[in-house]
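In what follows, chain A forms one complex with chain B and a second complex with chain C.
Here is the complex of A and B:
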């Protein structure tokens, strides 16, 4: 899906828990997520900490979306 | 360590007033077995059915398949941590019912349960269709949570298998098969010139009922560890896995792990089979990295020349498989991978979710997306409606004429990634 949307000239950020798979399928902007059953949260955290984590992931994704990249890039911290 | 398997071939299973094994027929006293299983207060009722090779019978949904075994001598008892106490197994004698298995059914636990057809084209996809099958239909009590339901069915299946094999305890086996395996240090002295090979048994342990148990412990989150191949034959590894039926390692696959059997056959002749490393497949990348690094560290500490690694499940576990390959190869350890593929109904898509250039020796066991139309069966054991929700099935899987349209991922063990069956895929 990421590749198809990008083929129309729309940049895509793939927020993905298993980064090697995202690299293998050819996403260009990759933001690592938490885990397969809960990519965008973490039920083991308190509600407040989980909110912080979720906000951080979204901000990271937005930053990745507005960053120019030369080929596949993993956005870590 | 030495283990002897005493083999009894089952020609038929019949219900009777008293349980016994006579003339190749396993007689089962339903009431006695039910009473044994109903000691678990999470089971509200249990019934049993029998499926025989060649019958027009379809079993659905099936959570696990188990080969009946019971220890006659040696330490511990079969399925330690569940049937037996937590005590070392893998020595002495174990009675085994061949051509026979237990397939647990009843109310569906989760959507990743499978089908066995006893005849027709569906029967070609697994060995279970050629076995006499006892099916416990286990109904849980009202409101039982899914995880407890899974454990309840898992343990009931193991108990049923042990009960069946126990009927042979006083009898002489038709054939025996013995295995011996030295300590690693002894092997180093005994076979200094043979290439040293370890088997990396990747076990799916992701929580949410994608779990594997070793000596009764859910091994989710453990560091990679060693186990003797002979312990595996005594049910030390048990499936609690509700992953896709076509390529989850059911308990029977562990009990008869074909990679271990083959490696033991070559042990001391052309290779030195050092042992089995259990490597977790987690749901988090960091844990996948840790498992693969730790497994490769152990391989290096032991000093092996090569590994064979088998996968369980598919999709994200391909990353575990490829990381194991990459880290071993980086340490100079040759690696062969055993997997299956999901390359679409036409076979044209990429078969694995992850790949690495180091993976240059890969054995595949078929395409789980292969689409089949299975004929109507005269008898359904379980609930055919489950076909609409299980992996490989869909809302339209059940035809008006009773045919079943599914991808073979729905068929128990069809693409077993230990190479238990005989399928592969061909590059065109």
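Here is the complex of A and C:
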């Protein structure tokens, strides 16, 4: 889906737990997520810390959207 | 002797090039053009009794009507088999070869065969239902293709068992067939590994699908004024799953209003994804669709605006063709609603 939408000229960042799948399928901007059942969270953290983690991931995703990339790019910490 | 009807376009029918591409379907007795070589290669086991010729544009522009006419011409001959092409990498011709083969197979219940370059759209569309001999891109490869076509045609006519694609030269149809092997899977796997380690060639028994690539879209220039959408393949939908999105192999997606929400309340949203443990997502759907974080970021003025709907489907053994179709529709909806970028979340 990411690459199809990108083919319309709309940048898409794929926040996903299984980066190798995203790379295989062809997403161009990839931000690794926390875990499969809770990609943007972590139930072991307090509500406040979990929100901070989620906001941090979303900020990373926004940074990926504002970054020009040549090819497939995984945005790590 | 078995009777074969052969289909070719105006060019191979020796009528003309593009200027003759509007030619209406016509029928000639016996083999024409590449049909002569094909007929010879059938070595007396079958013969081309007649040849149907149609212009590429005529067939492309007159769809069902052209197909009906051609089907009637073929049926009149009471053939035992139908062969089209080879169409190599010619788009319109290849599509015609595939379309007519598929229709003849369905309507007349006789074996059909064509030969196309694997990336010909006709091959993409019909390789699952029609035996398509893998042809090179251009007619320069005619000599190699004709014997393969004749060989498979003879087998199809005699009802002989059809071998694997690599033996017969046809494009894989995506079927799995059980067969006995001397070595068990472990032995074959280890043999393959040893060959790989030695740098020797080996053949996989399960080729991985090849995905096409798309050039990255240009980066968002003005985040502070951008309208951004959330998309998920994580199956987060309103309680009750109003669009009945399937938990696996989804055939649809949904668009859901979040204009009045600052987070996704667990009593209003749930997960219908069948491919992960949904407990944590059901407990707090923001763990999959980060609405709460996006709202705060929106209030802080980091982004212009969060689009007031989000898109959701279930990415669980979902066909790539379906995902592509949803994405095209979603992209068009985004363009219509002036959305400039998207965050897609997957479990």
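FYI, the second predicted complex is superposed on the first by the 77 of 77 C-alpha atoms of A that agree within 3 Å, B and C clash if a C-alpha of one lies under 4 Å from a C-alpha of the other, contacts with A are read in each partner's own complex, and residues count from 1 in each chain.
The rule is short, and it goes like this: a contact is a pair of C-beta atoms (placed from the backbone, for glycine too) under 8 Å apart; a residue touches a chain by one contact, two chains touch by 3 or more.
Bear in mind that the values here come from a model prediction, so they are computed numbers and not experimental data.
Mind working out whether A:68 is in touch with chain B, chain C, both or neither, as first, second, both or neither?
A:68 contacts chain C only, not chain B.
Please indicate which partner A:32 is in contact with in the superposed arrangement: first for chain B, second for chain C, both, or neither.
first
Comparing chain B against chain C, which has contacts with more of the residues in chain A?
C
Which partner does A:20 reach: the first (chain B), the second (chain C), both, or neither?
After superposing on A, A:20 lies in contact with chain B but is clear of chain C.
Given the touch rule stated above, what does A:59 touch, chain B (first), chain C (second), both, or neither?
In the superposition, A:59 touches chain C alone.
Mind sorting out which residues of chain A both chain B and chain C touch, each in its own complex?
Residues common to the chain A contacts of chain C and of chain B are 17-18, 24-25, 36-37, listed in rising order.
In the complex, go through chain A and note every residue touching chain C.
1-18, 22, 24-29, 33, 36-41, 43, 50-51, 54-55, 57-59, 61-62, 65-71, 73
Along chain A, where are the residues that touch chain B in the complex?
17-21, 24-25, 32, 34-37
Considering only the defined contacts, which chain C positions touch chain A in the complex?
Touching chain A from chain C are residues 208, 211-221, 223, 228, 231, 233-234, 276-281, 283-284, 286-288, 290, 292-294, 296-297, 302-303, 313, 315, 320, 323-324, 326-328, 330-332, 334-335, 339-347.
Quick check on the complex: what are the chain B residues that touch chain A?
Against chain A, the touching part of chain B is residues 206-208, 283-285, 288, 315-316, 318-319, 322-323, 350, 353-356.
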